[in-house]
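Below is a structure I'd like to ask you about.
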Amino acid sequence: MTHKKTVRTEAQKKALTNRLKRLEGQIRGLEKMIEDDVYCNDILQQSMSAASAIDGFNQELLGYHLKGCVTESIREGDEEVVEELLKTIRKLMK
Amino acid sequence: MTHKKTVRTEAQKKALTNRLKRLEGQIRGLEKMIEDDVYCNDILQQSMSAASAIDGFNQELLGYHLKGCVTESIREGDEEVVEELLKTIRKLMK
Amino acid sequence: MTHKKTVRTEAQKKALTNRLKRLEGQIRGLEKMIEDDVYCNDILQQSMSAASAIDGFNQELLGYHLKGCVTESIREGDEEVVEELLKTIRKLMK
Amino acid sequence: MTHKKTVRTEAQKKALTNRLKRLEGQIRGLEKMIEDDVYCNDILQQSMSAASAIDGFNQELLGYHLKGCVTESIREGDEEVVEELLKTIRKLMK
């Protein structure tokens, strides 16, 4: 992890935090389902929905990253950010 | 959601619950990172790791499902479970 | 690779082969696009569509596999097929 | 599809074309496997390997795109390319 910071608007922070709060609720819902011996396939529907929620979070954050950090860095002649981005996209594709 | 139940061993329940507890911790870590204005790409590493954790949970649960519910249902001549499984696998592949 | 065989109906073989023939056409289309210096993002649309075509093939084949080989093997008391299936699903999820 | 062109070096074109040629060979191998009634799970290994080959092609092309078209467009003040890129990455993540 770097020590770089990214300044986000309050609206961006709120949007991202809300996604995470909802996700936390979904995870707790899953814990309850396990406790209650819910049928596997029903739990899987809920956990796939949590997986989609993380994808949604990743896509929103990546959007801010591309339009913010990446665009600025490229304008300032920083090529490294492109290599870093490419590595992250490769992981996201898996 | 059906009202079917799946009886799991205590060991299975514990393994699944532990995965979810760790995941909850990762989500809270992400909330803290947003709050602390951490660099986007560093947050993405953490959220991709949370996504992998959900995949791990799904794979473990699917394993129990296949070896338990699915195998039994097929032996009892229930073909519906195979259609249901196929639908779930299709979603998991996305 | 095993030396096991799977007997498929003519209709199944035709459906799978047709998917592969179309896919071959898409791949050749991609080669032409590279040759013609087509814009990267346009090529990516076509190659993502080829990737979806492979997913479609995998899902169709997996469906036959589940309803055929897997169901039969389970009925005959073969547990190994479930382990093998689980491994394949894990790879498909990546 | 746009009518934009991307000029690629001979080395880039060759690398991309070689990937596609190998992929074509894999698809033809799959057709032969269907014809020869090969066991489903063995065919699935080969088709998952073809799916990985397309991913590899996509990643290589996306790399050229990011370092070429995208970087240049951003320097020239074109913001649209970032929106377009984001849409493509979202599709690639599925």
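Here the chain labels run A, B, C and D in written order, and each chain numbers its own residues starting at 1.
The criterion applied here is as follows: a residue touches a chain if its C-beta (ideal position, glycine included) is under 8 Å from a C-beta of that chain, and two chains touch if they have at least 3 such contacts.
Small disclaimer: the values here were computed from a predicted structure and weren't measured.
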Query raised in the report: If you match contact pairs by residue number, which of A-D, C-D or A-B shares over half of them with B-C?
Result: A-D
Requested in this report: Please work out the Cα centroid separation of chain A and chain B, and write it as a whole number of Å.
Outcome: 17
Report task. Could you give the separation in Å between the centres of chain B and chain D, each centre being the mean of its C-alpha atoms? Result -> 29
Report summary line: chain A to chain D, mean C-alpha position gap in Å, rounds to 24
Report summary line: Where chain B touches two or more other chains simultaneously, the residues are 55, 58, 62, 85, 92
Query - Every chain pair meeting the contact rule - result: A-B, A-D, B-C, C-D
Query raised in the report: Hey, which residues of chain B end up touching chain C in the complex?
Result: 55, 58-59, 62-63, 66-67, 70-71, 74-75, 79, 82, 85-86, 89-90, 92-93
Report task. Report the residues of chain B in contact with chain A in the complex, numbered from low to high. Result -> 1-2, 4-8, 13, 16-17, 20-21, 23-24, 27-28, 30-31, 34-35, 37-45, 47-48, 50-51, 54-55, 57-58, 61-62, 64-65, 68-69, 84-85, 88, 91-92
